[in-house]
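Each chain gets a letter, A, B, C and D, in the order it is written, and its residues are counted from 1.
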Amino acid sequence: MIKVGIIGATGYAGGELVRLLLGHKDAKICWYGSRSYVDEKYSSVYRNFFQIVDAKCLDDNMEALAKEADVIFTATPQGFCASMVNEGILSNAKVIDLSADFRIKDVAVYEEWYKIQHKSPEFLPEAVYGLCELNREAIKGARLIANPGCYPTCSILSIYPAVKEGLIDPDTIIIDAKSGTSGAGRGAKLPNLFCEVNENIKAYGVASHRHTPEIEEQLGLAAGRPLCLSFTPHLVPMNRGILVTAYASLKKEVSWEAVHEVYERYYEKEQFVRVLGKGECPETKWVEGSNYVDVGLQIDPRTGRLIMMGAMDNLVKGAAGQAVQNMNLLFGLPENEGLMQAPMFP
Amino acid sequence: MIKVGIIGATGYAGGELVRLLLGHKDAKICWYGSRSYVDEKYSSVYRNFFQIVDAKCLDDNMEALAKEADVIFTATPQGFCASMVNEGILSNAKVIDLSADFRIKDVAVYEEWYKIQHKSPEFLPEAVYGLCELNREAIKGARLIANPGCYPTCSILSIYPAVKEGLIDPDTIIIDAKSGTSGAGRGAKLPNLFCEVNENIKAYGVASHRHTPEIEEQLGLAAGRPLCLSFTPHLVPMNRGILVTAYASLKKEVSWEAVHEVYERYYEKEQFVRVLGKGECPETKWVEGSNYVDVGLQIDPRTGRLIMMGAMDNLVKGAAGQAVQNMNLLFGLPENEGLMQAPMFP
Amino acid sequence: MIKVGIIGATGYAGGELVRLLLGHKDAKICWYGSRSYVDEKYSSVYRNFFQIVDAKCLDDNMEALAKEADVIFTATPQGFCASMVNEGILSNAKVIDLSADFRIKDVAVYEEWYKIQHKSPEFLPEAVYGLCELNREAIKGARLIANPGCYPTCSILSIYPAVKEGLIDPDTIIIDAKSGTSGAGRGAKLPNLFCEVNENIKAYGVASHRHTPEIEEQLGLAAGRPLCLSFTPHLVPMNRGILVTAYASLKKEVSWEAVHEVYERYYEKEQFVRVLGKGECPETKWVEGSNYVDVGLQIDPRTGRLIMMGAMDNLVKGAAGQAVQNMNLLFGLPENEGLMQAPMFP
Amino acid sequence: MIKVGIIGATGYAGGELVRLLLGHKDAKICWYGSRSYVDEKYSSVYRNFFQIVDAKCLDDNMEALAKEADVIFTATPQGFCASMVNEGILSNAKVIDLSADFRIKDVAVYEEWYKIQHKSPEFLPEAVYGLCELNREAIKGARLIANPGCYPTCSILSIYPAVKEGLIDPDTIIIDAKSGTSGAGRGAKLPNLFCEVNENIKAYGVASHRHTPEIEEQLGLAAGRPLCLSFTPHLVPMNRGILVTAYASLKKEVSWEAVHEVYERYYEKEQFVRVLGKGECPETKWVEGSNYVDVGLQIDPRTGRLIMMGAMDNLVKGAAGQAVQNMNLLFGLPENEGLMQAPMFP
């Protein structure tokens, strides 16, 4: 039985980790870490766990936790994990960081987009970008996993095969993404109030969202050279779900079947990526509560563009589910353990 | 491995049965019955099951199904099950009817409220009302289970101990219930369109809803005499969830602690009924996707009334989850098999 | 042209006052008062007013405002208006208080339910409860109007005729009310976040909500004696709207037509109260954005109860619209001036 | 007083026409045309108009109506207006067609995208595309107005100045649009049910939506040559609102201020187009219920692209409001008569 500690267990991603781990055969949570709710019962913070979780919240002492746990999830604000992690912790426990601290290899890029100083760049080289479908083997041997961002997970999985196979011109990629509001976190801020979000849609972080360089780095690796793309997130009045609609110019005329065949080849052995059929568009509702990413493809022959669409639950495959998938790889378990729930509809 | 057939698998309750049974260790679905989608892939009707369920829809031939299945769930319109069920079917397979056909013992009451003729009243005596917390032992030996209605499940579990223990005057019970829209089914009707339901709340079926006599019958059994109550359902702009707010006059002055103690006594061994603490009100979101019913209690000393509140997922404990719970009892399995998911939040 | 000042213009009720007054032929806003946004452009707080309102927010100095304005609306927290109002202010300007400070005549009752000391009980006798349909003549001559609460407006208008005419037993009244989330205000609090409210319904303030004594006082006046009732509000995942479902025992058997005739008699000359026909239930969406209250009636012959239902926009008839209606009465204008918009659907 | 007839008064756009015209000083509705509800009271179809509109629905006889009305609005399915309109009708009454029948000048393009034969191409030359901000003078003298589509209105107004001034390369335009569900109409179809739309987002009509050629034609006129663009609509779980996020490559480096200055120049005299300030993104909620379009601009220097965003109420500026604006121009009234409502928030 793997002993699991969660730092930041009282955010939405932390709560989702708890939900998923409760259904995991080989893991047991030993530490519900929190900054704001220390000594309160975890089930008074998330009352869905009433009579299911009996533990109280502990603090966010990663050093102490590393001595008790086999693996630590940090579902914490940017900068926290980088400021805490050290050799002692990493030699005691695996660390799966759900923040952005170890996702970007170039520390200058990280500091420019996140506007904070990176406190432990010495661990960047060994950190593995935990997008299981791309980095499965590297993940298995890692000590420190950079769990991908929600938008990047959905964007990269939707676009990667087209870039890697040279179907599209990497300089023409435009990603228009839409997210449910749980992505904004559980902080009590005016723009996230029900009446401000409900019956409303808006773009935000236009040309400046911090997930941009993460997507660029990963797709650049696929392209074999750096690339620069447009990324625009939108806030949608729903709790969960990310939809990515990505556009790029095809390098040459190609049939839908040929593009589909490429995607099938990349993902046919992947349980959690489902490539949809001709004419089908992914919908966030069809993956809600599950670790699936649905990918749909459409060619626009009039403009010579490929439209790549991806749908995903931002809290599962976009955060906690992928983190559990990484944990399973780290500990040699079946990759889908604890993640086999079918999506919930409606 | 129990072989399961579902008649009416393409309604919302049918879809939820599939979701839950896919996570059940000892059951396997062998028949996805449908009237409208015969020969279509089930996963084209509910695309959440893409690459999870490969089967095509079969027809709703209960006779043929009974020869293949150990248990049949009928998630069908009122009157269907009563018109199909017969001795041959019942001797081949257990039947768990999610419609109202066998919930009410008095055929005249059924026919008056449902405005249809009951086609097989001869099976009413043996049918067991499948509210597991009340009728556990009877369920175990039954052939035909009347799976309770969604509103009745939440109402009865919220009120039962107070009636049974004589805390309240049964003639003063008023149930004000609120339901998510999945309770209205998947039929393409104008009042269920998004723009008609969203940003809206209304009562419906006032003083005439067909779940009324079902609640009255069960609470009457608790009271030891017939009773008559007010029941008003409302339609709420959300997918899932039922909230019951029930009012009744206390027979005598009593403390909150005393009432709570009664409820605790009734439900302390029940996994799926959670009695909340002082000052806590149940919320539908805290049970979403799970088989739990949360019950909260409040005394209003000024009016001498007890307010009993219950929250539940109408598609799980109010339909498919309870049906699986009944199946588990029928086949001697752990009652919570396939139902151990924690609620999903947010 | 009436010069209008608004204290608390940056709350939701304040914003709605601005929207309505912009369409009022005889009123002009001269003061957008705020505590938090002084010197900021009002249209940066509520961007719907971009290029419509050019003014900046001023402070909440009621004394200064009284010298500039003919009428002051206070859309402020409980206690503010009572702590500020004085003879000087009232002799310079009419005051329409949207808080609860002057709604309850008995200062002890106010202090018990609101847990604050009343700072100017000397003005309670002259304050007029501004429910126009009940107190029209008294309003016309007043200096200080207590604009009714949202729940009380909808509750009282739904129940008043039945009590006044002695159709129902006042001791049996139970009000189960449901409100959109704008009623909770624009404060950045965790329970009002989108993800906490969306897909959720709950009761709150059970047996303790502060609108209870206000309803009791007004219905008690109708009954000719004090009464005590149950009132339970619920939070619904929608922006606007209040639905009241009220129950009471009929004193004697009576036909729907007779009850309807009573309500028609009370409201036939009222533009803003619409009594629905037989079998019709009010829906909040049908009055959204307007000053209407829709009232529906149903008799339950089995239980001998009358079910009275009311639907209303909490920010219009429940707050800003009624305040404008009061202003119109105070200044001898047509009562519906600025309030003639038809409800918006969908 | 202008006598107005509405064919298709029982759809959502028809209902919105009624709402707006009820607040119009110089217009009076004389004909509520419908196919499905003939002889029913209009207020039983749209109960928001209870006690406001007393009329019954008439049929959709445009010939008869033309003799009674000064102007006819056709809010009807594609093909209807083209099949009915004739010289007799046009010599008796102005026609404002809210369908697509007269929006596209090239009949072959119309027939290819709409898959129906155009029944009166002889009127295409005289029909004026009723986007008031672009074609004001031509509209004033027209007999037949093609009221623009919802997506085209928002898209064109957001992009037009950049194309017209040659700021962007017209071959790089990508429009990612998001719409509330009222755009899908009031037909009782499964995909528009509450539970299918709520908590969900999806693209539809990818690379094939029929508004594409309409946008291309108008922006082509601005560019001075034909152009071809990508247009992808999405369905959002909200009632009203369209958000357009459009991308195009800048022809040369330019400052935000310079782009903004161009937009200001085009729209500074337009009441209904509001150009937002630096860093501001439009939100659909800020224009709800009003005839405004909010336009925001952002330059992405990294990719050399301009991001143009527009927000609008699809039923007002995207349908009924713009139709009334056209009517005002046709009859020499102030262009904003009946359209001066401030947006409603929240």
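Quick note on the criterion: a residue touches a chain if its C-beta (ideal position, glycine included) is under 8 Å from a C-beta of that chain, and two chains touch if they have at least 3 such contacts.
Computed from a prediction, not measured in an experiment: that's the story for all the values here.
Asker: Between chain B and chain C, which partner chains are common?
Answerer: In this structure, the chains that contact chain C and also chain B are A, D.
Asker: With centres defined by CA atoms only, which chain is the most remote from chain A?
Answerer: Chain C.
Asker: Could you please state the distance in Å, as a whole number, between where the Cα atoms of chain A are centred and where those of chain D are centred?
Answerer: Taking the average C-alpha coordinate of chain A and of chain D, the gap between them is 38 Å.
Asker: From the C-alpha centre of chain A to that of chain C, how far is it in Å?
Answerer: Distance between chain centres, rounded to whole Å: 46 Å.
Asker: Just the number, please: Cα centre separation of chain A and chain B in whole Å.
Answerer: A distance of 36 Å separates the two centres.
Asker: Quick check on chain A: which residues sit in contact with 2+ other chains?
Answerer: 12, 182, 195-196, 198-199, 237-240, 283, 285, 288, 346
Asker: Under the touch definition given earlier, write down the residues of chain B that touch chain A in their complex.
Answerer: 12, 15, 18-19, 22-23, 46-52, 182, 199, 239-240, 274, 276, 280, 283, 285-290, 294, 340-346
Asker: Where on chain B is chain C touching in the complex?
Answerer: 174, 176, 178, 180, 195-196, 198-204, 206-207, 228-230, 232, 234, 236-241, 243, 245, 247, 281-285, 288, 298-303, 305, 307, 309, 311, 346
Asker: Going by the contact rule at the top, pick out the chain B residues touching chain D in the complex.
Answerer: Residues 12, 181-182, 186, 188-190, 192-199, 237-239 of chain B touch chain D in their complex.
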